[in-house]
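What follows is chain A paired twice: with chain B in the first complex and chain C in the second.
For the complex of A and B:
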């Protein structure tokens, strides 16, 4: 009897030194690896399930405010620092790594309406109901030193918002008009007006820094040019816009958070109709902030939820809510694209992961590879019903769920009515109006 | 206009003053005016009238009499007689009259609107410069954030130190100390002593040293070049001969040494032993090398290759064989051979040689074999050695000639690089010479044969002994045997001298206690045997591989059938298929209603005629697709369990279902792709780095943006080429 013995050449599976890469003998002959689609499908399904299992976005809540959080600001140089202003005029500076408040200032009487940090991160500005603009040092005062603002500007009217220029020592406030201030002066460099109404928010364009956008309570969005100190154009929407935010990677794109539950992404060169209408909220959208990559943005709504929208999609990819979170007034996306902060009525600031199922911390290379592979698989099989069903499933509180249902019914009814009207009127007398055009009342030059 | 008119009037009056019939004209004019005014019907109010003609005309007295009246300029200019001098003035007047009035200034709102529009156009043009970048980023397969990759630079210590100042008393004290000892703190980090010593080296010295170094380097490079040149010579024969000559020389030297200085010779021998050990350790001349393996493959077809292989093996043996410090009386040629017999004994019996690959691969004839045992006898040895020596002498002369020839050739080539004819001749010479040298190989082979392929009596003994282990009775023993046999087979080729010795000794001792000892223990793989296995490499080049596999296959099948004797999967499958076929056949529809048109009731069956009429036979089903596939059941029914997992309609970005299917069909996993491809396929769209602030894009980033994904140095996965192909236009932007 012949006995056969496996004999292998050690060169094929041993490495010469321990520093060499491990040899993994592989045979890529497709005949040896059949059923690639079903196997990958199973993997994708598992990946999707795991993603849902690990989707725990809520990280922590920063509590310490004694009134609703009205505004927040990111530190431009430090990822772990965030500033917040409350409705009782208190400003707090938080350390996110420790999840602690590191400084508290009684900045204003009445609301802190708006706040922004200077681009260098050495100081920050607040505006409040007491008609003042105050500049504060970022560092806490040394022992024995009093907590005092560096500068205080007394204005004639209430300021409702403030934003700092991205490169120069200039900031803009809004109230009855948009004022542009030099940091060194106590009177504005110029005041920009167009009509008379209170302006709720003003934002500098982060790329073309001379551009400003503002939204007023007479339902319009106005763009300004700082160089010529003139307004540029005005869009009037169906309802009031609460805030707007510029895309940090696309100079001409901004998104407006509207009272009519929607968000509108505009290209400032073509204001006649928004590029995308983002609808999912069931109540007024109060704040919006772009992710630093410019691919997504987060919105805070009166419906007690926070949603994340891809810039080019009409619907949200994620909704965050907790039982105790009330109307979310302000929201920020951190500058490393990892976290989301939202400040709400019930005095808390909440820290969320931007990607709900992401594993925090350092990943081993193999882990990273596996993650990428899973991501790719999910992307590849995203149209398959089972996978889509799992991936898309989100839990919603009953109130929001019911409101969504209600609104769906209302929308359907409106659609049906329009359909009927069209059916019973002269052909061509009732033109079709696209969703994007529906919400624009006029564009004023 | 009014001024113009006055001016014109003055001019006219001046020109007319010269003429004589002035009063007459005036009167006529007044008449005319009156007539004209009476035409309008209304009584005009009297205007101040200048009655007196005077040179000085008071400005207060100037009347604007005609202001209210409709007065046509051209009328005023009309001379009595048409005059050419005034025509130009008239024309001018007509032109002036045609000019329209300047419009009213715009209202404030409108003016602002115009400004706004202009500003908007300009701004949107400015912003539009980003269009290209934005599109590129949207389309990018991979983006790496932050866009600006800052490179960590190592700041020199001096810079850091210069910015830093001693503050605390301790620091100041330390610095004071440093200053006292004149330790450097800033830039040239050298103490005064060091600088002094640096300066102390004189120029001459330095030059000398440099020259020495240069020389040494030159010599080294010469040597290297020479070695390289020699190494480059491709002729194997040359090298072989060279080596052999070297060996011979060494041998001669050794002999000389042996005669003159036995001590030194002994040391030399030690050295040789050392070399041998090294060779054993390195296993350099075994047939594991690339060359040897290729030879082994070729050996089946090529006698030359086989010979070369044998030669190599012989060499190995020679090198690994122990050099004995022999007594001076003994013959040097005899001893190693005898020793060798114990070294290279194959453990197979002569009878089994047909099956042994080694034996198959052996070049020597069986006729030679019987000679070997004879060779063991003392009588035969000297003659053989002599004859060998003779042959080698011949060889040597040939070799030396060849070597000289080579050297000469090289010399000639170096000297007359210009003459192609000589070179050609030389080459021809070389070619003609080369085949003539073949006798070397047979000699080698012979040597090989005489050295290596001997069958000692000990080997047969051993095999017999091993056979003894077969005496077992119980089932357990049989099973143990099966496993043992395998072990034995493994061991057989790997048997070595040491192992054999151990075994021999053991056999001698163990004869009496063999009965008690469990046989398994003896058959355990000994570490020594495996590790020192050097004969294992003797492969059988001419082994029929296919045949062996067939044998194995049959065996395998038998094992499988035995293992799965209980369940007949094939029959089950056939049954299943038949069932599926039956189920797929269209069933006849029975429309027979008992009782219609005939008697009905219990026990009555509808008539055959009726059945024949109302039993509808469906048309036969089309032939099954798996008709000719015995191992396949093909079902054409829609499986709802599967359908739940399938995509029912074409998803949005795809235009045709083929595209979608294609996208699904291509696997991305590492099971189907190489590592690199896998990495590329699964590269994420956006890469961010933890703890890095992502700044908004800026004009300075723009050149980076073009290659953002590719140039990102840190991330391991980049998809560079595609993006670079697209022409990138950098927006002409200036920082304001």
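For the complex of A and C:
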């Protein structure tokens, strides 16, 4: 007879001294873990609720401008510096860690229309309503020195935007036409134009650095190649685009912020239809900026809110608003992917967290592990109705809430009428147009 | 839309691959498990049934031999017992009021009281700090030091504790099944079973469904959310005496007054095996590794090989001093506890307990701090009672919308109802020569059919009947040329 009875040595299962960790032997047999799915579901529900509890995204407000903030620029080398230009010609440089203004420059008479920092971080450019382009040093002047620009260029027409090349000593301004300048010269290297209307913004592609995109007042977006000195192609939309932003991770993708309350993500190789139409704003979208990961972007709108969209989804994942924040003119996503800065009409720049419920600062490894686990649980159960209801609930100001309802009714009415027309007309005479193609008028090469 | 479905397909494929990889990784970790399960192999020619407890105790090391002991408590009546979920603590309750709680491995007594009333059943609540005693009139909850904490004014005959849901199931003489949430202190449901006096109850550990045995031989399955039994099975020809469900929730063993022991498959609710016992089994218990213990008369028999092709073989036998009144396997140990008229006996059953425990679920060697942390975490992930269903993985399945909902969505999308009845057009009755008119009409139709066009007003409508696996042609279907030619 051979017999063995299960007998455990307690020394293998208990810790030796009080200073040791407890031993935790694991067995992943599913028979020992009953009710896996309901327990995980309950944990996911708790995680979702806690995320809403800890969702406090507002960090601080940078006070100091005496007129509405018109444009902002990020420092390419320093995470704690940001530059902003106001509607009275003032440019302020802020230190985000101390939340203070470290330098003020009276740059222009009139609006500061655009700002950009040079890729090395030693100087920055501003353009204003007084038809000048000025280059300034990034370092504060020594004691006793006056604030003087390194370089001033006088132009003939008002410039409305400026952007610097990501690698070379070249910058582009836009106004009547797109001018490409060499930093050493006082007249543009070449001028690109297509059409007769003014151009509101110009942006260089961060990856394919010879490409430029611009938005014009006659509702089109024009793409240029710097090496060719002629425009490449353009796409005409239904309404005017305010700005565009290139995806820092995908070389050929850009997002355009449009007046018809939508944002359009285009692949520049196929401009016939946008990759995605992002719809959630209830008023014109004024500015857009990408996250450094290239997976999300933030948009600022004339309705007093800032929304964060994932690149592949058509609706926003987050909306930030405050009673005190009025029309948001400009928005930036900081280069460490953690914060969002928005400058608005009422002279304040606000600092928000990109992930509203994220805990800032150094996390203990167990905290990090617990947060990762909760994040994974939320993703796994995100489609269950109770969890989705809690996760997507956001409080909206009454104006936006009522506008959304109204626009929904209008859209339903339009759709119903289109269906009726289709029903009562010859089959095939009214083709179905996909939502994406509806907003494009033409593509011209 | 095309791109979206492609991405979805890729996403599903990726998550499928990840799951398989995770399962393979978890299976590989089996190499790291420290313990091996017990076994008993008889010499060729000998039967394991003839092996006595004394033989096993001699052949095994001292620590395991100490697990076989007898507690002679002759004064206070037949004993019922319960083990905690980690198999560390034992609770004994004698009919005449003796209640004792102890750590049975170190033989350290936690408390010993006499409640001065008849005790019908005892159970541990979620940890070894709380115990519940069903006394003559009410259910009392005590601390493990013997202090009475609470009194639930319901009259339970038997009750069982559901761990994950932090709840008590009670059944009483009036045929009511009560479900109490002990973490919040509320009664969730009181279901009228309408089956008469309830004496037999078992809980399915895999899906938390309660099995009740009735005097007409039926077993009904209950969930607290539904007021009717989920399933009703006819198990025996006479009344039921005992029920047990195995830990994975696949088999149910039932013993009736007709002296038969039947094994049911809980997925199909059909009989798998049947054993005829000379004296019917009064108590049944399943171990973690699938051994079945039956108290037949004054004998305790353990059967092995439940659920295989052949009927389960008797594995071990033991005769306690008196006929047993309660049978429980100790989790994670090769031990079967039997409470009887003269006290308690602990029987060694090699191969009964799960060799390797998961410390984050049930840890026999946990410290006080670990118990406290575990209790808090268990309360946080307490599953609400609404999620008790026959299939515990139902939350993970795709919720296929009902036919009606699909139809409504389609109507909305298209803007009209493709299955709506066509508008009634009254037939124009030509006055006068009806026969000629009819003949002309029939000739017309035949001509049309010869050309090959189906009549425009009749569309073939395919409806998926409820539960049908193939489409059923709607009766108002068109007669094509092919049909006519057949």
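Everything below uses one rule, namely that the second predicted complex is superposed on the first by the 421 of 445 C-alpha atoms of A that agree within 3 Å, B and C clash if a C-alpha of one lies under 4 Å from a C-alpha of the other, contacts with A are read in each partner's own complex, and residues count from 1 in each chain.
By our rule, a residue touches a chain if its C-beta (ideal position, glycine included) is under 8 Å from a C-beta of that chain, and two chains touch if they have at least 3 such contacts.
Since the model is a prediction, treat every value here as computed from it, not as a measurement.
K.L.:
Kindly classify A:46 by the partners it touches after superposition: chain B alone (first), chain C alone (second), both, or neither?
P.N.:
In the superposition, A:46 contacts chain C only.
K.L.:
So in the superposed three-chain picture, is A:14 touching just chain B, just chain C, both, or none of them (first/second/both/neither)?
P.N.:
second
K.L.:
Tell me which partner A:189 touches in the superposition: chain B (first), chain C (second), both or neither.
P.N.:
A:189: touches no partner chain.
K.L.:
In the overlay, answer first, second, both or neither for which of chain B and chain C A:37 touches.
P.N.:
After superposition on chain A, A:37 lies in contact with both partners, chain B and chain C.
K.L.:
Once the structures are superposed on A, label A:422 by its partner contacts, choosing first (chain B), second (chain C), both or neither.
P.N.:
second
K.L.:
When the two structures are overlaid on chain A, which partner does A:3 contact: first (chain B), second (chain C), both, or neither?
P.N.:
Once the two structures are laid over each other on A, A:3 reaches both partners.
K.L.:
Now for A:402: first (chain B), second (chain C), both, or neither, which partner does it touch?
P.N.:
neither
K.L.:
More residues of chain A in touch with chain C or with chain B?
P.N.:
Higher number of touched chain A residues: B.
K.L.:
Contact-wise, after the overlay, does A:293 reach chain B, chain C, both or neither (first, second, both, neither)?
P.N.:
The answer is first: A:293 touches chain B but not chain C.
K.L.:
So, A:410: does it touch chain B (first), chain C (second), both, or neither?
P.N.:
So A:410 meets neither chain B nor chain C here.
K.L.:
What residues on chain A does chain C touch that chain B touches too?
P.N.:
Of chain A, residues 1-5, 26, 28, 33, 36-37, 39, 41, 43, 384 contact chain B in one complex and chain C in the other.
K.L.:
Could you list, by residue number, the parts of chain C that touch chain A in their complex?
P.N.:
7, 26, 29, 33-43, 46, 51, 55-56, 59-61, 63-64, 67, 164, 205-208, 247-248, 288, 332-334, 348, 350, 353-365, 367, 370, 380-384, 387, 392-396, 415-416
K.L.:
Considering only the defined contacts, which chain A positions touch chain C in the complex?
P.N.:
1-8, 10, 12-14, 22-29, 31-39, 41-43, 46, 312, 384, 416, 419-420, 422-423
K.L.:
Can you list the residues on chain A that touch chain B in the complex?
P.N.:
Per the stated touch rule, the residues are 1-5, 26, 28, 30, 33, 36-37, 39-41, 43, 76-77, 79, 166, 206-211, 223, 225, 227-228, 230-233, 248-253, 268-269, 292-295, 335-338, 362, 369, 372-373, 375-377, 380-381, 383-386, 445.
K.L.:
Per the contact definition, I'd like the list of chain B residues that touch chain A in the complex.
P.N.:
112-113, 115-117, 119-120, 123-124, 126-128, 130-131, 134, 137, 143, 145, 485-486, 489-490, 548, 551-552, 644-648, 651, 660, 663-665, 667-674, 678-679, 681-684, 686, 688-698, 717, 736
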